[in-house]
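Sharing a structure with you now.
We call the chains A, B, C and D, going by the order they appear; numbering starts again at 1 in every chain.
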Amino acid sequence: MVDTKVVLNNIVLDNPIIPASGTFGYGAEFTELYDLNILGSISFKGTTLNERFGNKTPRIAECESGMLNSVGLQNPGLKAVCEHELPNLAQIYKKPVIANISGFSLEEYVECARAMDKKENVGIIEVNVSCPNIHGGGMSFGVLPEAAAEVTKAVKAVTTKPVYIKLSPNVKDIAAIASACEEAGADGLSLINTILAMRIDLKTRKPILANKMGGMSGAAIFPIALRMVYQVYESVKIPIIGMGGISSAEDVVEMMLAGATAVQVGAANLKNPFACKEIIEDLPRVMEKYKISSLCDIIGGAH
Amino acid sequence: MVDTKVVLNNIVLDNPIIPASGTFGYGAEFTELYDLNILGSISFKGTTLNERFGNKTPRIAECESGMLNSVGLQNPGLKAVCEHELPNLAQIYKKPVIANISGFSLEEYVECARAMDKKENVGIIEVNVSCPNIHGGGMSFGVLPEAAAEVTKAVKAVTTKPVYIKLSPNVKDIAAIASACEEAGADGLSLINTILAMRIDLKTRKPILANKMGGMSGAAIFPIALRMVYQVYESVKIPIIGMGGISSAEDVVEMMLAGATAVQVGAANLKNPFACKEIIEDLPRVMEKYKISSLCDIIGGAH
Amino acid sequence: MKKSIFTIENNERLTNDVYRIMLSGDTSAISAAGQFVNIELDGLYLRRPISVCDLEGTMLTLIYKVVGRGTEKMSLLTKGKKLDLLTGLGNGYDTSKSGDNPVIIGGGVGVPPLYMLAKKLISAGKKPKAILGFNTKSEIFLEDEFSALGIDVYVASADGSYGIKGYVTDALRECGAYDYTFSCGPEPMLKAVYNAAETDGQYSFEERMGCGFGACMGCTCETKYGFKRICKDGPVLERGEIIW
Amino acid sequence: MKKSIFTIENNERLTNDVYRIMLSGDTSAISAAGQFVNIELDGLYLRRPISVCDLEGTMLTLIYKVVGRGTEKMSLLTKGKKLDLLTGLGNGYDTSKSGDNPVIIGGGVGVPPLYMLAKKLISAGKKPKAILGFNTKSEIFLEDEFSALGIDVYVASADGSYGIKGYVTDALRECGAYDYTFSCGPEPMLKAVYNAAETDGQYSFEERMGCGFGACMGCTCETKYGFKRICKDGPVLERGEIIW
């Protein structure tokens, strides 16, 4: 029997597979397909203070081995998430979940974190720093070490739950941002978010996405994500949740060898709603094939 | 009859298709397959001052819709390139070529540029600024606007041929680097070089590439390259040679709509040695399909 | 929603670029006309949403137009090949809200889902009539099948090469009384129908989709009753909620 | 080098994870034993290099071991399927340098190219003998085919379950006199042969490849005669130039 358990701070996950924020809603669409309780955890759709429609449609484009999205953080807002979505999620999923929060100002992050801190089924607060900082000139919080550190500190101040900062890949040196977050008190890191990309419609000669650009995810970005996890692992001591293009149990092992303690599966859920289930079920076979008795043993094994 | 001609500075290309540096050697391997003179131009393998073996093997890894390489600028060195490779190339290809040069110090760039300036069949000097700056702490010249500008100025000072700076995508804000190069006198820009990435071998649990990390190219990176060309087009006036994952005539049109005046085709040549020929032959059909009478008309058309 | 493997029984060309594919498999998740399936195709990352055109037991019929890479790939598939489908997606048309004499209005590849709708309406005891709009005579498909249902069918062609010259809205003026409107087609057509129609009704929309089953928020539109995911809360919207 | 489409005539399992595939097509670019082909496989970006095992007219035989995604995909291909191949890649063995009594030494999936080599040597009037090394009895393949050429064949198995117990180098000590060495197999085996062999010879190497035809410099190794691309200047290197 292989051991698929991993530990994020003090939270023991039955396995490292977590659906990624924004690709799993609040789980409801998947319950008719399988029992969500097989999942290591669930990172639910990013929450902002107020309800957001997000960007205009089209918000989705396709590319080789991947997709682009410019959803723009559509969500019902903090209050509705806490009052409706989280209790609903608690009905269908009995383990601690990951609360992905976003903000366009420090205060917004703080308010979201404060509210999530009070929710019993939230195990980890995952702070998406990819949004543009409306008070800081529009540059994303996630691309400047100081801004990322500032958000980390502010969120840490209002919660006792583990805080994971979710890093943007659209930077020169992701390890520097990671270190800044660690120094500011982050309990862990999630990476990567989507890579800024674009597609143009040859018929209309205009960008396909109404927002022009969008975030790329899916299998195509896996080697880039893997590299970033590998780099970040070398510069921080806190645990890493690795993601970006994971589509198979082999990818999970590869990402963990690079340094991830757990992984998130994003776009793969959209292509195949059973993706997480199939990966979890295939994991023991792959572990046996590569002679892994406990997943914990391989974290960072490629260094 | 559609018109596939494009103009880079004063050089008229019969069509915008150029094999990318490092994926076409000096053309010799392709001559037994087709007459190279159908190509718009050829960007030959990056030249450094001294002969280089490059990195240890394995230097190649595969990924979804793409590949990683860590060749590390293997080339016979400036003298051999000028004395043997360029004359040989001139025998099989009658049009101006693009001399891709690299350097680990300012002086190395300058020496390479000075030599290429004297070569008659060199139409454009393409300065690859992705190498680590050995005098500047090992950070690549291409990731800091100041360093990129410095290389541009130094090279411009020793040649009257058009100088194109080939930008690295491993940056936060590629438009800022592009602008710095333009201000420093660049006549054009080539983008993108490969994206830093990694793969790990599950059997050995070590990185596949002996160099650990390598540059990702191929179809998978196309939407990222396209976005960068689009961004750079908005911030500079000089022409752009767009590249990154181009594999079809449709991709060429899409890249030109984003703002490229010409394109380079890289990894696709390795997968299919006839890639450039097939793209050139398919271009008129695609132009007719999308009602393009002259390719010049669509440059930047998506803005 | 179900995910299952279907076998291609037939894949034939109807017009220059429109094909009919018949697939057998587990159709149990499909409950209403106007629902769609999401098809996985080799080498393409996202699935392709196509409306259910007809359903007889385990036999599913789809009609699709070749517009890009995915539909082109589909057109090359042959009998016996297997396809991975998500079925039972979307709300579909609610026939219970219809009056006894609804009009069904479809344009181009908006026509296929209306065929199953017509059958559903008939079996619910209603007397639908159908208006089908096409650009030109050579693009017409499904007319005979609609007629074979024993209902009145009005075909409009934009260039006048067949039937009523003009748009579906021109046909709507000529088709006599109706008490409810069902429509599917390109957005400009839907809007024209919305403006021309004198009754309540349901309109089916298209949007680029990530998942097709409600998870990604890729396809959301604003309605008078709040944000709706075209794939899950749609593709059919009630007249009263539509914001153009 | 040629790029052309081959048709699969046969694809059969020889051992637990080794398969023989026979392909018909334009083989005119293949000129020497030890050359390889580079195979495009659906859904994989890079081609897969496999040595030519045998060539009879337009019929090409390859033997491959399933070790990863590509070779697994290959093993599932059936008769009639088409494959896009680059043929005539690499230098191949130069049989003219051989003495009259060469020994051919192969290990595992290094064995296949030596079959064509043996045939070439025989038709050049030489008297080769073959040493084939495998881990264990159940992994042995091609022994009968080598024997059918009428040459002496020595099989070594690492676990002693068949033939000579031990490695190819153990067999080399037992096989009698030889005046030239040809070898192909995993690098540790090549090195052991290099150290054990008492004659000049040629050794065939493997390297991860980008193109397989000399364009990308992905596969270069250092030799005493300079940098060599395994795909173009190799895969066969002369004993005298090898740097371990």
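Quick note on the criterion: a contact is a pair of C-beta atoms (placed from the backbone, for glycine too) under 8 Å apart; a residue touches a chain by one contact, two chains touch by 3 or more.
Just so you know, these numbers come straight off a predicted model, no measurement behind them.
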Fewest touching-chain hops separating chain A from chain D: 2
Chain located farthest away, centre of chain A as origin (C-alpha): D
Where chain A and chain C are represented by their mean Cα positions, the distance between them in whole Å: 36
Distance between chain centroids, defined by C-alpha means - chain C, chain D (Å): 57
Rounded Å distance, chain B centre to chain C centre (Cα mean): 47
Multi-partner residues of chain A (at least 2 other chains): 61, 63-66, 219
Touching two or more other chains - residues of chain C: none
Contact set on chain B toward chain D in their complex: 22-25, 28-30, 32-33, 45, 53-54, 57-67, 69, 71, 74, 208, 218-219, 267, 269-274
Interfacial residue positions of chain C with respect to chain A in the complex: 1, 3, 40, 44-47, 86, 207-211, 213-222, 227, 232
Complex contacts: residues of chain A adjacent to chain B: 61, 63-66, 68, 143, 170-172, 195-200, 202-203, 205-207, 212-213, 216, 219-224, 226-227, 230, 245, 250, 253-254, 257-258, 290, 298, 301-302
